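In structure tokens below, several structures.
Next come two complexes, and both contain chain A; in the first it sits with chain B, in the second with chain C.
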Partner chain A sequence: MTAVTGSPPSPGGWRRGLAKLRRRPIASSGFVGVVLIYLFAPLIVMVAFSFNSSPRLSFPFSGLSLRWYEEIFTDTLVLRAFRRSVQAAVVTAGITGVLGLLAALGILKIAKRARGFILAISAAPLAVPGLLFSIGLAIMYRQIGFERSIWAATLGHALIALPFVFLVVGASLERFRFTLLEAARDLGASRWHAFRTITLPLILPAVMGAMLLAAAISIDDFVIAFFTAGQDKTLPLIMYGRVLKGIDPTLNAIGTVMLLLTTSLAFMAARRTTIGER
Partner chain B sequence: MSSVSRETGPPAIRLDRVTKRFGGVLAVDNVSLEIEEGEFFSLLGPSGCGKTTTLRMLAGFETPDEGSVYLRGKDVTLVQPNKRATNMVFQNYELFPHMTVSNNVAYGLKLKKVPKREITRRVDEMLEVVGVGGLGKRAADQLSGGQQQRVALARALINRPAVLLLDEPLSALDVKLRKRMQLELKSIQETLGTTFVYVTHDQEEALLMSDRVGIMNQGVLLQVATPRTIYEQPADDFVADFVGTLNEITIRIENLDAGRGLVTSGDRERIWIDAPGGMSIGQTVRLAVRPEALKITHQDRWDGATDLSYARGTVSDVIYLGPFTQFLIESERLGRVVSQQVSDAGAAAIQPGTQVVVSWRPDAAFMLAGPASEGR
Partner chain C sequence: MAGLGTVDRIEPPRIDDSVSLAAEALVRKRRRDRIVAWLQLLPGSAFFFAFFLLPLLGLLAMSFFSLVDFEPVVDFTISNYAEVLTSSVHARLALRTVQAATIVTAIVLLVSFPFAYTLNFVFRRHRQLLFFLVLVSLFGGYIVRIYAWRSILGNQGVINQGLMAFGIVDEPVRELLNSMYAVGASLVNFLVPLGVLPIYAAMQNVSPGIAEAARDLGASRFRTARQIVLPLSMRGVRAAAAFVFIATLGEWVTPRLLGGTEDLLIGNRIEYYFGASLDWPAGAALAITLVVAMGLAAFAIMSLMKRLAR
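So, the complex of A and B:
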């Protein structure tokens, strides 16, 4: 029934197939196509021009080349910023992973009603505009005498990523069958051993997913770094500096690299937190 | 049949006046109990009767508010579950989903630092015993309900516990599998000689499998006895009613004769009761008879056996149950009673509206205490 050619030669079979084709809502699928193009066009243009051999940002392409990639990968300024961004992402993931897991475990010991309240407040920072948050952070750092640096920025990243990690890990613990721990205890396991051999392996996919999400948030951040990183420019800050001097083809290459990094992190995170749990 | 009579050593389990409350609600009320080594003991009762709480206190998941728990003579009241020589089969099995069957079963032995080779040997052996040999490499969450049940059993038994605790382990299985597992569990228990404490709300299951049964209701242990005693001489109304169906007959004693009460005599009916001392003429008593103890005979074929109690009635309904048939009988003397008979030709001949004689052996009936209840 699916393909006209594949169906047995029953009388009127192909005619029914044709009718089905005609009934397909062309208008709505066309609309979806337009929206998708609108969403992805900027990215497509950026990726495409990163491979253009001419520095002029206009069609037609004069030829394909990797010269912009070569340029950024030999530019010590870009490389240093890249290293800083990756470092900030790794540290953010580490801090939020540990703190988020501990917080999610700790909240289980709290009475149900108080737990809902705490979950609600911990989600509140997600609603605060990043700009306000960054300004507040910068003022606070100034007050306590914490110099602007990549570490100051990283701590800020950890702060905004922590609620995500806490909520994701919390949700996975919500579904965790704690009676499994009774079974482990019954078989002779201490509390710690039961946690290590049962709880941890079972919620690890969610924790890892949440940590990847935190890393993606860190890499993606511009505002916090802008206010707190000082001279330790991260990749987005470098890009911003270049944009100010006019659009430069190396931007496309840096952008493409970042796109690859953040989308692959987000993709892995999604796999671990949803599909990965089955 | 049972190994209850072993006299050596302390009992496998002793509960001494154990009480447990949950937020002011009495879950287990002053329960004392001894379970012998090698015994198959069931705790039977409706949901919320405290049987599972009792089991969890044996496992160490709950601590009694009052009283003590002894395991092989040692006070374990405050001992953590991982330090007790008990193992449990949980209602939902609680297999570790991220491990293979073998690793699930080996979990306890690894903790005891048993050499690897011995673990492998014992795991394979135990999987064989419970009937899932060859499934060791399967992931635990790829098993059917029955297989999970067997693996859970193997995981507990492999530790050679002093007592195996089972919390309604068969309740998630379909009827056919449940019946088979009942027999298998019993045979495994007999082979290994391990003390089993089995919690269930299924009276048939408890009577079928157990050496002794303890019946609980509202936290109170009402009766501890062999299945036969529980069924034939229930300690009180609750036990009598919970373990099977019961016909309740309220009657007035009209005559007393050498320790036997004669309610009424005549061609139409005669009811004997085994009356203990202290009964008097004119007193009202409540008598209980199991449906299968009530025989019914077509009125025309009644020959008036002298040693039976009997009364007349009319069949109001016939319920065919396959091997058995149940008859509802309206009787002026007995009220409404249920009789259960083997579905044979005689049973088939009795239709609604048939005039019958209901008869029973006087010793198949037992006296109920307390005032008559309504609506039976």
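So, the complex of A and C:
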């Protein structure tokens, strides 16, 4: 790689050969490969073990089986937690979708200075660790006498997901051609009619993507639910409890189900919001 | 442009009233637009106020409350701060936390920057797909990931099984799990995507032509990255450093599940106050102290890195 340094101008063939060598960076592929393996290895191991028929977490597999899935899908505790997690995710997506879209539409039309201020403030939850926000939320609920419940946790999820939805939808609105809207208004369409028939269909993929992301954030959350959900245990809380109790082979299956939920939501969200941008 | 030919068929409008009428209508429309805009911002802002600013204010207020019979009572005392600031346990935990956060941040940056660089400049054609994988891993499985490390690092875990199968060790290496190494491996694991994200975003503003020119003029890949790309994407690197450092300072689940009984961080102490000990005011005071320390730390990192970039 350093061979190029200080090389004199040379005839075409040699130089092209060198350039080709440069374009096939083995070290770079190796590096990216190692990092990706490191990022995904724990997850791959866990998914693999969820199909292991023996309760031991060791290689070689004694056989493939679905017994852990059978166990969790007949476990009412897990099923109830699963339902709660999904409910929280759906409600989070709904709240953030409406609030985020409205705010993203609103911020376009206000003065530049106010816009910068609101954008900066809206990103603040991203810089506050989940622990601090969660205990603050728990304190507020206690002071106003709001019982710990899945609803209490869901409102917290909506708050941390809102900046993502707001920023993602806002970014897609920035590429939106407002002349279309003006043309419709000039041709006599009402504000609402123009929004429903022009703006909404065009930005819907981004809004849906952002809502899927919000759902993924909600399902993935552990810390907020830990401090505010009380007895309404979500899937991550069930996992935490079982990890503390010791080795439990059903954990691999629960983890795999959660992983499938969050990554498929994140995957769909990322496809809707990043691909096609360029 | 094609429509220009039709203009001369329209009668020239009388300037005096129609223009002022149109201007007036425009001003009215603008004003109405602005009112609608603020109305659209209202629900989100109210939600933000009620569920973000109020909780943080509640946390601040709680730190001045006093504890009577395990119940926080409205008060204005600084005894909570005195208690948490003078505890030698906290000093030790704080030191370890800052140490851990510094090491984790350094490792994450050392992985994330080259990774983002390689994505953006070496594998330019596949960068969408690769970035996509990173993005998906960012939103997939916080607790799942922490748990999964147990099955890799445990006594019966993949690494120990491998080491024993190859006869490198006879007994499982117990230090892999329930140690600071396990906590570090897991923290770096889920913070790398968080580090790649802002650095990669900042690199989008660096024209690939600049890097290519440096390479053509004979600079090595390392020198191009260090002297051309790094200064131009410093904003992203700073953001990544601050994100990762702050995330580690507030971390408590990873040390709880992967660290030993001794290897805890300051976040575990806050969790203890809110959980087992039920001393919310002291926990709040410790949390506020952490926020202040974090602000100072973020500021210090920013200015330090600004100086390094020069």
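Rule of thumb we're sticking to: the second predicted complex is superposed on the first by the 246 of 278 C-alpha atoms of A that agree within 3 Å, B and C clash if a C-alpha of one lies under 4 Å from a C-alpha of the other, contacts with A are read in each partner's own complex, and residues count from 1 in each chain.
The rule is simple: a residue touches a chain if its C-beta (ideal position, glycine included) is under 8 Å from a C-beta of that chain, and two chains touch if they have at least 3 such contacts.
Everything numeric in this text was worked out from a predicted model, so none of it was measured.
After superposition onto chain A, the partners chain B and chain C occupy overlapping space and clash. In the superposed model, A:179 makes contact with chain B only, not with chain C.
When the shared chain is aligned, no partner comes close enough to touch A:63: not chain B, not chain C. In the overlay built on the shared chain, the residue A:201 is in contact with chain B alone; chain C does not reach it. More residues of chain A are in touch with C than with the other of chain B and chain C.
Within the superposed three-chain model, A:246 lies out of touch with both chain B and chain C [touch as defined at top].
In the superposed model, A:145 makes contact with neither chain B nor chain C. Once the two complexes are laid over each other on the shared chain, residue contacts for A:127 go to chain C alone; chain B is not touched. Common to the chain B-facing and chain C-facing surfaces of chain A is no residue whatsoever. The part of chain C that touches chain A in the complex is made up of residues 33-34, 36-45, 47-48, 51-52, 54-56, 58-59, 61-62, 111, 114-115, 118-119, 122-123, 128, 130-152, 154, 156-158, 161, 165, 186, 189, 192-193, 215, 218-221, 242-243, 246-247, 249-253, 257, 267, 270-271, 274, 280, 283-284, 287, 290-291, 294. Across the complex, chain C is touched by residues 1-2, 4-7, 22, 25, 28-29, 31-32, 35-36, 38-43, 45-46, 49, 56-59, 95, 98-100, 102-103, 105-110, 118, 121-122, 124-133, 135-140, 142-143, 155-156, 158-159, 162, 166, 191, 213, 216-217, 220-223, 227, 236, 239-240, 243-244, 247, 251-252, 255, 258-259, 262-263, 265-267, 269-271, 274-275, 278 of chain A. Remark: chain B residues 59-61, 80-82, 86-88, 90, 92, 94-98, 107-108, 111-112, 155-156, 159 touch chain A in the complex. Put simply, chain A touches chain B in their complex at residues 177, 179-180, 182-190, 193, 197-198, 201-202.
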